[in-house]
Structure formats: C-alpha cells, structure tokens
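Here come two complexes built around subunit A, the first alongside subunit B, the second alongside subunit C.
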Partner chain A sequence: MSILKIEDLHTYFYSKSKQAFIRSVDGVSLQIAAGETLGIVGESGSGKSITALSIMGLIGAEPGVIAGKIGFKTNGIQKNLLQDINEYVKLSKQDHRIMAVKKKAKEWHRHTDRVMKKIRGKEIAMIFQDPKASMNPFITIGRQISEAVRLNTPIKNRREAKEKALYWLEQVKIDSARLRFNNYPYGLSGGMCQRAMIAMALASEPALLIADEPTTGLDATIQSKIVDLMAELKSVLGITMMLISHDIDVIKRLCDRVAVMYGGTVLEYGSARDILSADVETKFEDQINREFLHPYTSALLASVPSEDHVKGNKPLQAIEGDVLDTINIPRGCRFYRRCNRVNAAIEDKCQTVEPQLFQTGNQHQIRCWLYAA
Partner chain B sequence: MSQTILEVVNLKKHFSQRKGLLSSIQGRGDVITAVDDISFYLKENETMGLVGESGCGKTTVGKTILRLIPPTAGEIIYDGKVISKMSARQFQPMRREMQMIFQDLDAALNPKMRIRTILQEAINVHGKKSTKEVKLRTQDLLEKVNLKESKLSNFPHELSGGEKRRVGIARALAVNPRILIADEPTSALDVSIQAQVVNLFKDLQAQLKLSYIFISHDLRIVELVSHKVAVMYLGKIVEMGLAQRIASNPRHPYTQILWSSLVEKQSLEANATSADLGGDWGVYDFERPETGCRFAPRCPVFIDRDRPKICTDPTTEPTLIDIDNAHKVACHYPL
Partner chain C sequence: MKLSAIRPVALLLARELIITALLLLGVSLVVFIVLYLSPGDPFSQLIATQQATGPSQPKTSDALQTFSAFQQYLIWLTHLLQGDFGASLRTGLPVLNEIVRVGINTLYLTIGSMLVTLLVAVPVALSSARRGMTMLNWPFTMFAYIISALPVFWLGYVVIYIFLHKFNLFPIIFGFSNNQKLSWLYFLLPIFVLGIGNGTLSEIVRYLREEMGRVLAEDYIRIARAKGASIWKHAFKEGFLLPVTEIIAAKIPFILGGAVVVEQVFNWPGMGRMAWQAAQDRDYPVIMGIAIMAALIVRCGSLLQRVVSIVVNPRASRT
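Up next, the complex of A and B:
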C-alpha cells in the first residue's frame, strides 16, 4: 500500500535575467510504499531536493509548484496535498509543454499552508543537508527536540516531553544523552549534529521521513556511522523513508527502490537490487554489458571510483559534458547530448521526441527509446 | 630517476587561541597544534595524497608549504633551497612554481570578475605580457583544461561546479607551476563530474610533468590519483607509503578504520559494521591528549591489548618507523 504517490509533479522557477522558466521538476511520478525506503539519485540540479521540498510545501519562490498530484495517506485517510491546485494556477501549453503560468501566489500559499499545517513536520518530517544550518543556534538541542515532541505528538507535558526527547537521543546513539541535551548545536560535531537532527525528525513520529543528503559533508568514518544508524533505525522502527543522495554507495546500502533523476525527470525507476546491485558491477565490468540499464544510470555507475579502477589503474569513465541546464530543455530525450548508446535506428526519435517510462521488467521502468517495446 | 622537488622537514604549525579578556592580558591562551612535526618529500612528476578527517591539519600543511601562513618551526626545502627561511622578496620568484587550487571556488574566484579577467590576471601577475600573448596563453589554458571558449565572458556564478573547478585549475596553471597543491579538488562535485576532474588531473600530470600534493578526505579518489599517501591524524602523519600498499595492507589501526569505513566496501561485506568500535567517534578535542599516542583513546588495538602503558606514556609517543620497504607507520603495535 503506498503511503505517498506523486503524479506528474511540476515545479518551475523563473529566471528574470534569462526570461525563461527553470524547469526544476518536470513531470515526476513516484510512489513509496509503507515501510519502504525510496532512494533518489542524481547529479546536482537534477531536481531531487526540489521534489522533496515540493512534497513538504516548502517552495517559496514563484511560480513554484504548478501542476501534479501528491497523494498522501495516513491513518487510512487519503489526501491530495496539492488539492484544488487548478483553481490557483492557469497553465498555457504548447505541444504538451508549459509555456506560460498564471498563479495566484498569495492565495495558493495560504491554501497550502492550511493543507500542510497538520502534515508538515508531523506526518512528513525532513532531515536537511546541513544540520548545523537547520537547527536554531540559540536553543539547546534538547529543547528543540522536546519542542517537536510537544508540537507533534499527544505528549504536552514538559517533563514527559523531555523524557521522550532523551529517549530519541538515545535511539540515535548519542552518548551521555542527558549531558548533550543541554548542548547548543555549535557545541556538537557534524556527525553528532546530524544525529540530533535525525532525533528531532523522528520525535514527531512521522509516517514518512524525507532525508535530503544526510551524509554529505561528513567525514568518511562518520558517514559510515550515520549510514549504520539509519540502517538500524530502518530495521528496528520500520520507518518509511525517502532518501535523497548523490552518493550511490549510500543509496545502495539503504534503499529498497531507486529513482534515478536527471534534468527534472525520473529516467529510471525500479528496485535497488536491479539497478545498483553489487552483483551487476562485478559481473559486468564495462558498461556495454549493463544493457538493461538506462544509459545514464550505467554511465553514472561507471564513473564511481571502485577498487577495479585502483587496481587496474584504468581511468575513470567520466560522463562527457555537463549536467543538463534545466532552462533550455531540449525537445527530445534529456540525456541525448551526453548519451553514448544512441544508435542510428533511434537517433531521430532521441532528438525530437521525449521517451516515456517504458516497462522493462518487473516494476522496472526506463525512460529511453532503446527500451521501447 | 626523478629528483626530489619538495621536502618538508619537521614542520610544525601551532595556532594560539585566546579565551577571554584575562588570558589576552596575561598573554596566555590555548595552543592548537594543527600540524605537529611532520616530514615528507615529494618527487618530480609524483602525486602525494594527504588524507585524514576534517580538522587533522591537511589544509594547513598545504598552506604552510606555500608560505601562505608562516610555519612555527621546521623547514620547507624546494629544489634544494630552504624557502621557509627566505625573505618575501627572495621567495617571490618561486611563488610562480608552486600553486594552490582552493577547496571552495565560490570563495576563491572573484564574483565580480569575468572568467577572462580572472585568467588574464593570473597570466599577468608575474610580469606583464602583451595582449596577444595573453590571448594565446588563455586559449592554451582553456584547451588544457577542456573548457569552452564561450565561457570566458561568464561570471563565476554562471558556471557549473565542474566548470568552476576547471577555471581554478586553469588559473593555477597560468604561471607554469611545477607543483600543484590541490585542496579537496573533488569535494562538492557530482560523481560524473568528479571523474572528469580526476582524469583531467591525471592527463595534466602526464602532459606537463607536474607534481601534486593532493589533499582530500575521499579515500577512493586519493587512492586513485596518488603514488604515495600520507595519512594524518590530529596534526601528525601516522602512516605513509605507496598508495596501493596502504590501501590494500594498512598497518596503522587508524588507517585501517578509515579504509574499512568506505561505505561501498561495507555494502559488499557481509559484516557491515566491521568498523564499529563503539566509543564516541564524533567528538574529540583538537588539543591532543596529554600523553603518548594521540590515537590511543579511539584505538581498537589499544583496547584489545588491555591498554598497554607504552601507548599512553608521554615519553614514548610513537614515531614514524620504516617497517617494510618505505612503508612507515607510527604505532607501537602495527597490524
């Protein structure tokens, strides 16, 4: 049963200097089932974080979220977090492409805030990339966590909330939690701070946890500790999680399903085992053999330094060119210009028509003309 | 046989930190030993990787070598000359031959200058050149780092992370250096772009016979580009040797932990928590433990062996000892 179902989500921004839309999220559809961890991989600028922020209703800039459906289910009640969006947004399209947007921004913000009030932080919690920046530097971590407890759970009593906060600090393996309770965020190391952040998110006992690059910017030793912690929390508490990372190794370890994003869309979607499994890497050394993957995914996997590269002293396989500029999205396939598996038979199509997600296996979808049935 | 181009002997760098008014009046304060007595050498056309957790003094080593910050003690010998004792005037011509690529290029590139101006400035800084020369040189640099000419008129913020990195490299190359000190050149880059940059570093080395000091906390990348690796822990080198040997056969407990904590390795190994030693990894003071080996409080060997005295005895702090063919370890009980 899926907890979250995103359909055809569009989040755009407007660049004044370029007089054009930045199509950050351009038709993303995803699903997360209860108890499952969905990983979102992609390079920077591929729209991973914007997708997460759109779910949370935290997009402040204009035009922001303009189309789509975000179905969210808790306690048996199904809700569309973007309900009545059509009343606030008028789109004019040309060849299925959104060319102009009219949005009643103020009214829309008031409307989403009303819808999200009981969900944001409470039902869907988020861990941000930079833990130090997302905590209040003037308030002790203990108070910040107990505040989350009192706001989002039935516990309203201060003392009980403190006990609960201590419980969560212990859950995330912070040593001498009672002492740390009175620490300010600056007094904690990066890894500790990230743990406190996780504790804070969990303290609201959310139905869905969104973790945006939880390990980026931490040292290798601490990174692996945080990943260990998340793996443990996942198995012990059975949290449903959406994990955003550009670190394929982290995704590989924690996720059940993976969506590979590029230039605002999902290029490949399927189980983590099918897409990233270690077997695939050892069995098929060069990417030509990774034929059952999207060319982008296989190129991405090949560019991760592995032991083979060190031992064999072979050069890393870089993907030529740069990350797609989401202002000028080409007509055809978004990855066409960097793709190394285009062949003559499909080249025309690649250039002119954007492929849809083709079903290639059991719940494995690939957005590439190579896999057109 | 290639020649030693840079030698660092017993380099020390202490920062003093004052706390409150009283200590500043009394002239007392805490001393942070960022770099504590390290020595190594770098040969021509060779890459030396410097790894360690954040705060272990990697960047400080780089900056001290370039004399961007003065060393507290020790010598830096470049091409047979002791540069750490030179006057600024004497050192000036040598500045050209050592360049640094900074970690945060958003901060290192002037946001109000176009890329063209940034490169021109670098080309002209050691002696003005004619407009034509500058133009040729700019083009040459762009070619070397694979940057499109159309980007010249852009401002730094208009470039992607990989492109900015290339500009940083081009700027460092502008003066024909012999040594490049690259401080975390691949952090904050996407994997596909990271691979491009790593390959670029390798190509440039082959082409221009550069020597690198490659500072990074990304172990895989260091392993990949370096000939030899020095592992630093709280201001000291704890292990040094050929890159492959250190990666495949680490002898210092810290190095082993560092390497086994690679997430990729863990996901492949059945025993995913092999690096789990208990204890508190996140927090430690940069002020070194009072006595003995500075890694002892986190060391698994130390605990396994029932806390031997030698590890905490202040008179027997382990020094780098050659244990196997230029593989040096600073540990009483190497693995």
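Up next, the complex of A and C:
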C-alpha cells in the first residue's frame, strides 16, 4: 500500500525578469509504500528539494506554481494535498504565451496551511540539510523537541513531553541526553545537531519522514555515523522515508527504491538493488551490464570513486557539460546533449521527442529511447 | 527567567554602573563649561526682564564671583554627591523636587508616545516582513515615512489648529480648568503628536521590517513551519524583541528632544518645558539637574536593551 503517491507533479517558478518559467519540477510521478525507503538522487538543480518542499506545502513566498496530484493516505483516507490550489493563481496569456503570473499569496498560504494543518509535522516530518542553521538558536534543543511532541502527538502535558523528548534524544544516541536537553544549538557540534534534528522529526511520530540531504555539510566520519543511525532507526522503528541525496553511497545503504532525477524529471525509477547494487556496478565497469541502466545513471555511477580508482590510479570519469537549464528545456530528451550512448538509430528521436518511462524489468522504468519496446 | 542569565546580568549591571557614573561626571563637566562660556548670567537676565533694581542683587553676584569657576563646579559636585541638586536661582525651590514633579509628566508623555509609535509601526512592519509590500501595507508605510519627515512642532501646531480652532474640541492642557468631561482625552493629543511625529516611526518600521524579514527567511523558521509550529513564536526573540529594544534604546535621546518641543507647543508642564525656561533664564542649577537626569534616562534605556539582549540570547550570556 503506498502512503504517498505523486502523480505528474509540476512545480514552476515564474521569473519576472526573464518572462519565463523555471521548470524546477516537470512531471514527476513517484510512490512510497509503507515501511519503504525511497531514495532520490541527482545533481544540484535537478528538482529533488523542490519536490520535497512541494509535498510539504512549503512552496509559498516565491512566485511558485504547482500542478499535479499528491495523494497522501492517512488513517485509510486518501487526500490530494494539491486540491484546489490553482484557484489562487491566475495566468495571463497572450498568443499562448504566459505573460504574467498573479498569485494571491495570502490566500494561497492560508489554503495550504489549512490543507496541511493535520499533515505537516504530524504525518510528514522533514529533516533539512545544514543542521546548525535548522535549529532555533534562541531555544534549547530539549524545548524544541518537546514542542514537536506537544504539537504533534496526543501528549500535551509538559513533563510527559519532556520525558518523551528525552526518550527520542536517547534513541538518536545523544550521550547524556539529560544534560544535552538544556543545551542551546550553538553548544552542539554539527553531528549532534543533526541527531537532535532527527530526534525532533521522529518526536512527531510521522507516517512519512522526508530527509533532504541529511548528511550534507557534515564531515565524512560524522556522515557515516548519521547514516548508521538512520539505518538502525529504519530497521528498529520501521519508518517510511523519502531520502534525498546526491551521495550515491548514502542512498545505496538506506534505500529500497531509487528515483534518479535530472532536469526536473525522473530518468530512472526502480529498486535500489537493480540500479545501484555493487555487482551491477562491477559488471558495468567491465562494460557488460551497462545496458541495464539509463545512460545518465551509468555515468553517475562511473563518476563515484571506487576502490579500483584508488588502487589502480584510474582517472575518475566526469559527465561532460552542465546541468540542464530548466528555463529553456530542449524539445527532445533532457539528457541528449550530455549523453554518450546516442546511436544513429535513435538520434532523431532523442533530439525531437521526449521519451516516456519505458518498463524494462520488474518495476524498473527508464526514460530513454534505447529501451523503447 | 533563567537561572543561567542571572550572573551575566549582575556582572553587566556592575560594569554599567561604573560607566554610568563616569559618564554623568563627563556630562556635568561639559554642560558646566558650556554654561560658563556662554554669555550672560542669571542676574542680568532677571534685571533685564524685571527692570527691578535693588541693593541685594549685586551682593549675591559678588558672593558667587568670589569663587573661581572650577571651585564652583567642585562645590556643586560635592552637593550633588550628597543628593543635593541645589535650588533654582529663579524660584528658589529645590531642583530635585521640581525635576521629579515635572519629570512624571514627561514620563507620561514619552512612554505614552512610545506606545503609540509601536502600535502604529509594529503591525505595518510585521505585515510587510511577512508578505512584502502589498496594497494594504504600502500606504501605511508611505504614511509612516512622510509623517516622520515632518517637523514635530509643525505637526503640533497643525493639530492644535485643527482641533482647537476648527472644531473647538480640546482646551490646551493644564492651561484651562479641567472640569469638562473627557479630560483624559486632552492628554492624548500631545502623546499622539509626539508618538507619530518624532521621527522614530519610520525608523522602527524600516528596521523591524528588515530584521523580521531576515529572520523569517532563516532555515529554522522553515523548520518550524515544517514542524507545524507557529513561525511568530519562533521568530519572536530574534526578529522582534531584540530589534525593538535596540531601536528604542537608540532613539530615547530623540524622543526626549521631541518632548521638549511638544511640551512647549502644547503647554505641557514637563521636563522639556522646564529646561527651555531654565535655559532662557540662565538658571544654572536647573539646567545642570536636567542634563544629569536626561543622561541618566538615556543610560537606563541602553542598559535595559543590554539586559534584554543578554537574557534572550544564549550566546551573549555565556561570558
């Protein structure tokens, strides 16, 4: 049973100066089943974080426009989080070109707040990158966690909430939790802060946890410890998680399913074992199993340093070119200009028609003409 | 509030007390030198205005001149340290009592006007920090800017003209008998004029909007939203309390300066009017006393701001 079902999500930002939409998320469909961890990989600017913010209803102050469906299931009730949201946006068109976007920001805010009231924090919690900036520097971490407890769980009593907060601090392996409870964020290291952030997110006891680059900005040893912690929490508590990262190793360790995003769309979607697992990687190093994957994914995997690179002094492979400019998205395949596996048979199609997601294996989808049935 | 904040606050208070004492000494010295160098003396002023000649005045004048200026200052200072501000040369009443008596009126005026300023400025600033300039808060912001650019005495006279001469609404405060109904309304007029016209209105709008806008864009506010908590609660300390105390502490001298003018215009018997009168009469003890009091009030304001920032900000209270 999927908890979250995103269908054809579009999140655009209208740039007044350029008179055009920045198409940050352009037709993303994803599903997360209960107890499953979905990883989203991609370069910066591929729309990963905007997808997460769209789910949380935190696209607001900017001239953002959302379309599509985000189905979220709570207590057996399916709800579309984007219902009626576009009543607050007015597009003025001229000759089929959008000239201006008028957004009733206040009503839009009020509407999302109303829709998300029972969901934000309570059902979907979120961990952001940069833990030190993410905790309120003027409030002790203990109070911030117990605030989450009191806001989002049936516990309303201060003392019980404090006990619960301490419990969560212990769950995320913060030593001497009772002492740390009264610390301000400035007194904690980055890793500690991220643990406290995770505790705060878990304290809401959400049905879905969205972790947006939880290890970015931490140094390598702390990163691996945070990943260990999340792996442990996942197996002990059975949390459903959406993990956003550009670190393939993190995704590999934690995720059941993976979506590879590029230029605002999903290029490849399937089980983590099929896409990222070690044997596929080694096989594809030997140029055997390469054709299992989308050209972008295989290039991404090839750019991750492995043992062979270190031992054999092999140069790392980089993907040529720059990240897609999401204002001027080309007509054909988004990855065409950087693709190294275009062949004469499909080149025309690559240039002119955008491929859909083709089913290649058991629940493995690839957006590439190479895999057209 | 917090136990951990008591020690730093006590340390701060001790340090500030010493600084304040030195500062007051400096203020009194400077004011004394200015008075000493300024032309005229209280007795020639009295003589000029009253045209009264008597044998007694030259005598006291002589008595004063037997001391050098420096000695006069030291005598005044030793008296001050014993809590004696001296007596007014004009009325003969003790200066301290007089200052306290009229100081209460000035306190009403300045604190009341500060509340008016905040009541107008805070909603405008917060709404434009949250939503940017909208059709609703744009006119209010413009109004705040324009009204702050007007000189306060002009505003005062315009208000008096409109209310007294056109509508014949309020008699001038304290100048007439107070037996009409709504006499409390008479107090509000100068309070409103000072609150809106003293120039701090636009400063508070601008500063608070910038600070609150900056804080609302912080990551931790987004987290608070994601958590389902109130963003105002999380933004309160950094985005509201600190900037507001900061700007009020910085603007107390301006508010006092504005009070001098408004008291003059509205015939409000406060410290400002007393200072004005004393300056015209060369009433040295009164001028010195008021200067000391004004410096003390300004110090108290900045002290309050320091205490608030230490209590609120955990990083500041660590030392």
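Operating definition for what follows: the second predicted complex is superposed on the first by the 343 of 373 C-alpha atoms of A that agree within 3 Å, B and C clash if a C-alpha of one lies under 4 Å from a C-alpha of the other, contacts with A are read in each partner's own complex, and residues count from 1 in each chain.
Going forward, a contact is a pair of C-beta atoms (placed from the backbone, for glycine too) under 8 Å apart; a residue touches a chain by one contact, two chains touch by 3 or more.
Treat the numbers as computed from the prediction; the structure is a model and nothing was measured.
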Discussion item. Quick check on the subunit A-based superposition: subunit B and subunit C, clash or fit?
Written reply: fit
Practice prompt. Have a look at where A:241 lands relative to subunit B and subunit C in the superposition and call it first, second, both or neither.
Written response: neither
Discussion item. I'd like to know which partner A:250 touches here: subunit B for first, subunit C for second, both or neither.
Written reply: first
Practice prompt. Return first, second, both or neither, reflecting whether A:151 touches subunit B, subunit C, both chains, or no partner chain.
Written response: second
Worksheet item: What is the contact status of A:135 with respect to subunit B (first) and subunit C (second): first, second, both, or neither?
Response: second
Worksheet item: A:184 contacts which: subunit B (first), subunit C (second), both, neither?
Response: second
Fill in: More subunit A residues in contact [subunit B versus subunit C]
B
Worksheet item: Between subunit B (first) and subunit C (second), which, if any, makes contact with A:303: first, second, both or neither?
Response: first
Item to complete: Report for A:350: first if it touches subunit B alone, second if subunit C alone, otherwise both or neither.
Response: neither
Worksheet item: For the overlay built on chain A, what is the smallest gap between any CA atom of subunit B and any CA atom of subunit C, in Å?
Response: 5
Worksheet item: What is the shared patch of subunit A, the residues that subunit B and subunit C both contact?
Response: none
Worksheet item: Which positions of subunit C touch subunit A when the two form their complex?
Response: 131-132, 134, 218-220, 222-229, 234, 237-238, 312-315
Item to complete: Within their complex, state which residues of subunit A touch subunit C.
Response: 56, 58, 105-106, 117, 120-122, 125-126, 128, 130, 133-140, 147-148, 151-152, 184, 186, 197, 200, 204
Worksheet item: So in the complex, which bits of subunit A are touching subunit B?
Response: 43-45, 175, 188-192, 195, 219-225, 227-228, 231, 246-250, 252-253, 278, 299-300, 303-306, 309-311, 315-320, 322-323
Discussion item. Touching residues of subunit B toward subunit A in the complex: what are they?
Written reply: 53-54, 160-163, 190-196, 198-199, 202, 217-221, 223-224, 244, 247, 257-258, 261-264, 266-268, 272-273, 275-276, 280-283
